[in-house]
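A short worksheet on the structure shown next.
Chain IDs A, B, C and D follow the sequence of writing; residue 1 opens each chain.
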Amino acid sequence: MQLSIEGVSKAFPGVQALDKVSFELRPGEIQALMGENGAGKSTLIKIITGLYRPDDGRVMIDGQEMSFQSPRDAIAAGIGAVHQERNLIPRFSVGENILLERLPTRNGLLDKDAIHNEARRYLDLLDRGIDTHTEVRSLSVAQMQIVEIAKALSLETKCLLMDEPTASITEHETEALFTLLKRLRDEGASIVFVSHKLEEVFAIADRVTVLRDGKNAALGEPMSTMTRQNLISLMVGREEHIVNKPQRSVDTGVVLEARGLQTSFGHRDISFSLKRGEILGLYGLVGAGRSELARAIVGAAPITGGEVLVNGKTADIRNVHQALNQFRIGYISEDRKNEGLILTHTIRENIAVTIWRRLAGALGLIRPSAELDAVMPYVERLEIRTPSVEQKVGNLSGGNQQKVSVAKWLAANVEILIIDEPTVGIDIKTKAYLHELIHEIAAGGTSVLLISSDMPEMVALADRILVMHDMRLVGEVANDRRYETVSNAIMNRIHAVEEERSTATAG
Amino acid sequence: MVLAREEFMKLLCDAIRGLAASSILAGLATFGVVGLAQASDNKIALIPGGPHPYFAPWEQAAADAKKDFGIAAVDFKVPQEWKLNLQTELVESLAAQGYTAFGIFPGDAVGINSTMTELKDSSIPSAALAGCAQDPTDAAFCLGTDVYNSAYLGTKELIKAMGGKGAIVHLAGLLVDPNTTLRVKAVETAVGETNGEVTLLQTVADTDAQEAADQKINALLAAQKDEIGGMIATGYIPSVVASKSLRTLGDKRIKFIGIDDDPIVLEAIKDGFVAGTMAQNPYGQGYIGAYVLDLLAGGGCTIKEDATWIETPQTKRFIDSGTLVINADNLTTYKDDLKKVTTDIQSSFKDKYLTCK
Amino acid sequence: MADVPVNFFHRQSHMTDETISTERSRRGFFAGASAQIGLFAIVALLWVIFSTLAPGFTSPINLFGIGRSLAVDIVIGFSQMVVLATGGMNLAVGSIGVCAVMLTGFLLQDAGMPIPVALAGGLLLGGALGWLNGFAIVKTGVNAFIITLASASLFLGAMLILSKAVPYNTLPPEVGQFGRMRIWGYVSPLLFIAIAIGAALYVLYRHTLLGRQILAAGANPRAAEMSGVPVGRVIIISHTLSGLLAATAGIMLVARLGAAMPSVGGEDWLLPSFLGPVLGGTLLAGGSVAVIGTMIGAALVTTIRSGLLVLQVGNFWLQLFLGLILLAAVMADRYRGVFLERRSLGRK
Amino acid sequence: MNSLLRRFLMVEWSGILAAIILGSALLAWLSPAFLTEFNIYVMLRSFCVALLVGFAQMVTLAVGQMNISVGALGGLVAVLAGGMMEKLGVPMILAIPAAIAIGALCGLLNGVLTERTGINGFIITLATASAFTGINLGITQSIPFYNMPPGLVAFGSDRFFAFPYLMIAPIIATILLGLFLSRTVPGRHLLAVGGNPHAAELSGISRGRITILAHTLSGTLAACAAILAVAQLGSAQPTIGSDWLLLSFAAPIIGGAALTGGHVSVLGTTLAVILIALIENGMVLAKVDPYWVQFVLGALILAAVWLNRWRAVKTGTD
């Protein structure tokens, strides 16, 4: 299928999301679509899939101009997509989700066997471990992503749009996906691949189109002519990359200590200590239990054994309210849409939520001007790009949303900050900026517990790295900022535990 | 579209008013010698508690009163729903539109009083029709069924039909309605007077909605149809539903006294499934009410405080609009009986209860 | 459950955004308040139409009547609005209202308490019953719909058992006089009470810690909890407030009727309690309130009803026209919003 | 055995079922009349209309909507059916389908208005409810139609032992609705739109059409309930439906439906209606003092819900 976009524009209240953008996709190719958060990639994808109608410009398929009124039309025209948002029906089975809009029937009734057999076929291309009868809401995030991809594949369309399909899946699954995409390409399919991970783009794309501020920065350039550096500079307009922060040795008092913690998630014997002004990394694979541990510490989940000490005193933290106001501990959630932000509220309110208590004067009154004064420094310091702090957070790009969820905890001015996957789905520029910031606040005396599965990030920032695997801490690695040695040391710990276990079960 | 309709209706009203005026003039010219009641320019509203079949005869009564007594307007105005606030809003609105007297069924015997006080403050007379407002009240008088007496007489009638002994059940209306409390007392009193010969097995309340009544009455029959000797209903709906249930059950042993003359109840009396029903006189209430209100609103007459009012638990100024038992004997004639009662009350009302200049 | 997006209620979000929790400062007052202005314009238009067609509409007695019933409807609307803000609902507003009414009546008539004490007693009971609702919802985790459905029955039942459904109709005359009092000949003091409560609520949601926390908890309870908002406490407080407001509405009715009766409130309040807030732009999904909108929403319904009464629409057909005009009004408001949105885009 | 019990307890309506069994046992012990053929008939009969009313709301809840007009629509259909049969002399066989079709049409109107205007369905159906009631009252002037065909009346009151013929309709409706929601494409799409409207739309499901379908279905079910009510009462009363609203929400929600859409349970709703019928029947049988009826009703609903909640927490199927 030949898909051409010619001079498409799209405006939202206050933003020109796309400004005369073009894009051209040939049969039998994988083309990367790149750009920072807010550059207009998602808007373009939504236009191609019929969710938005362009204000101006043309969408053509095989030389014919299309005017999609709904996603239905786009699917009928042969365009399948994996969207960035989670698009599954929580209470439906995996099989039903995959075949949702064309469920097979027999005599007018759903043919359950056919559904599961059919869905199985597509799921098997990626992962044999997911049962098609399971309800989607009981799957892990990674499994849901696999289901989304299987769902797009099942349309067997000639054109496939993938918006960050690998954001939450494992390396192994990513490999399987890539093999599959390449096969589809060789069979003549046209594939658009959106990702922030440069490695992946270089590994799979044939050509690349780059958007910057809603305009074309590059149009269908062959990947072979691209280097990492010039791709980044096309996206951000200047050169930028992750810089390791200087190595520090933190030798101060302990502010947070865990002694033999147990939780209802299954954590056993978790002990560690965090010093003042330290960045303590907590590394682990998806499902190791890091976020759950963080939640237990801030009182959002019950602790069933052991104790937490804050500044040397036993702390019985029962909820986040207490963690914030009594113990001055904050937690920046990885799930910013559900836990981190109130999307229907404004930037001002989202940032100020943690400091309302402090701002409230007599009778609990909050002066809006005081609120604004308290919020503005963080909006400016974090360079949150918005026409107004009265903008609803739901209207911001992913990167700016993340900045808001960081800003509100900076505003809270806590002593201990747990930061969970701060840069997932964030563009390179914002990522570098957030790294700078985390380093800065630690230097300012705040203790940071940094949770991340991004190894380069861990190496760049952490002073020490705890390794977590299967609800246990399995080791501590000193960080000398040398990527190879540190990452090897970490992975060795994990492998060693895995081996121990398999010998144990074998024995 | 809507507005066009309003315009049209206004025109129509004006036209009717014009016609009425001219016909009255013509009437005066023709019957002037006979001395027909003086034509008045009063506008009287008859307002029920809400939409309910009981009040259907009021429409005819209003038209007849207007014609017979030469009143400028007697209008039957129905609140949209059976809710106190909608009724009072309607009254207020009509007062604002220049109505000069109100005949109101107090859907809520206590709640209507503040509105009646306000009407009185604006020198607009109001009367409680069909049911009474609870004293202290500013209603000029109450012309209606004495709910206590009706329930008491009904129970007596039932006891008679049962041969003076057995167990009875009382099907009552909305528990939050003050009238229900009175009826419950009346039934208890009548039962008490039998010195234990008759017992009150159970009181089932809140049977004013179709489905609730159906469910509760049938459940009751299912549970104790063998123990029950008789039933009395003091609400319109339970009366209808019980008549139907007894017919379905095909059991003529259980005696039943209902209330009001709904066709279903009358049919059941004819076929012997129901012993009788307490008739009320809605037409007479509306007709006489309009007549008296016209006299009061004209300023020519005032209420005679020392008249021979009947005193009821609800009010000191009560006039019985006629309560009689309909049974198989008077099934065909009860309407004439009521008409006669109506005429009697109307013709003697002025002398008995009013002081006129 | 928590992973299910709750977006169906949000469909109307453009037509509603009133005051609180929405953009305002930069886009100017008129852009922010445009939703209410639209609804307000419709109400104003209806007033012009009705008073032209029927002069009786603006007569003092009618204005007084409208104002007085509006006052009670507004407060009933508020009692629902404060729980809608948390994303819950309170089906027991009517039951709480009538309990407060009967207690006030008892204190005034049987116990012979002075009026302020009796009022305080009624309000206190309302608040306590609301607190009970909130406490049960937070502690059991069962949704507010079911808890308040059951408690509506419980409260009403307890009132019946204790009062035997006997009304109190010989209250001190001051009570009824207050309800009949007219200021400048056509304004009821009850309307001022409603407006004062509105002003207090406006300040609560816009300018206080508690108000902000309520809205945050309503918009996204998980995010609010994770940001240190004591969500459970906030929900309990909102229900207490709801009970307090329901009791206020009930006591206003006591003044208006000059009696305390078991038949006020109950299920009759249910629809009106939702009508004002929802017409005014409060989202059923929580996280937003429209204090002024609730007042205008209640005014819309009262205006249509009163206008139709004055126009003397045929006896039984009034309800039909009420429905049709209401439909026309909300649609006009909706299309005005869509039109403005298009225009503002076109200018860019 | 233990795992079987556990699996049973995992089902979301098992708490309600347990409450029903417990309640029945208690009533059977308290009142010998409870298990008589006639009482069972009475209970079954009282449950027919309520179930269809609950279903009528359930389908709109499924798609994430509400229908405030269920009762008003039912009342209108009832008097139209009655009027057609009594005043116009339309034979029953034509009048009933025609009345149900009108109900479906009213539902369609609700759906189209909600969808085309984008206004919250709550407001739209509130306004149409008022309009439907207005037409109802305008036609009847609040006077019922009394002369219903004997066949219809017999259908409403006759029984086969304890089984009322009236119950045929809700049984068929339960089966069809169960199949529709679990085994047909439009049914699944309905739940998909309710569960995640955005995702459903992206999957190519027309959200508008599905919303309209749900409202139409709701109208149809409310119309069926109205016809049953006419048969049961033996006359077409204009007040039919006036007290349906709260029940229509209570049944599906006690039965486990989410107010936010996407999840309903046909069986749960059925059990909730049985529970309510049982409580009401039981209170008459147990001769509960009328002043206590409201209180006991509330307490029992609370107890049943609490039981189910306790079960959910214990089994972790929160």
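Operating definition for what follows: contacts are C-beta pairs under 8 Å (C-beta built on N, C-alpha and C of every residue); 3 or more make two chains touch, one makes a residue touch a chain.
Predicted model only: the values in this text are computed from it and were never measured.
Under the contact definition, chain B and chain D share the contacting chains C. Compared on C-beta pairs in contact, C-D and B-C come out with C-D as the pair having more.
Relative to chain B, the most remote chain by averaged C-alpha coordinates is A.
As a whole-number value, the distance joining the C-alpha centres of chain C and chain D reads 29 Å. With centres set at the average Cα position, the gap from chain B to chain C is 35 Å. Distance from the chain A centre to the chain C centre is 42 Å, each centre being the mean of its Cα atoms. Separating the CA-averaged centres of chain A and chain B is a span of 72 Å. Touching of two or more other chains is recorded for residues 137, 141-142, 195-196, 198, 262-263, 291, 293 of chain D. Counting partners per residue, chain B has 51, 78, 80, 175 as the residues that reach two or more other chains. The set of chain C residues touching two or more other chains comprises 4, 160, 164-165, 314-316, 318-319, 321-322, 324. Here the chains touching each other pair up as A-C, A-D, B-C, B-D, C-D.
Contact residues on chain A toward chain C in their complex (touch as defined above): 11, 13, 16, 90-91, 137, 298, 300, 319-321, 323-325, 331, 333, 338-346, 349, 352-354, 356-357, 359-360, 363-368, 387-388, 390-392, 408, 412.
Listing the residues of chain C that touch chain D in their complex gives 1, 4-9, 11-12, 15, 91, 140-143, 145-147, 149-158, 160-161, 164-165, 267, 270-271, 274-275, 278-279, 284-285, 314-324, 326-327, 330-331, 334-335, 338. Within the complex, the chain A residues that touch chain D are 49, 51, 70-72, 74-76, 81, 83, 85-92, 96, 100-101, 103, 105, 108-110, 151.
By the touch criterion given at the top, residues 2-3, 5-7, 9-10, 13, 51, 76-78, 80-81, 83-86, 88-90, 92-98, 108, 110-111, 113-114, 117-118, 121-122, 134, 136, 174-178, 180-181 of chain B touch chain C in their complex. In the complex of the two chains, the chain D residues touching chain A come out as 179, 182-185, 188-189, 191-192, 195-196, 198-206, 262-263.
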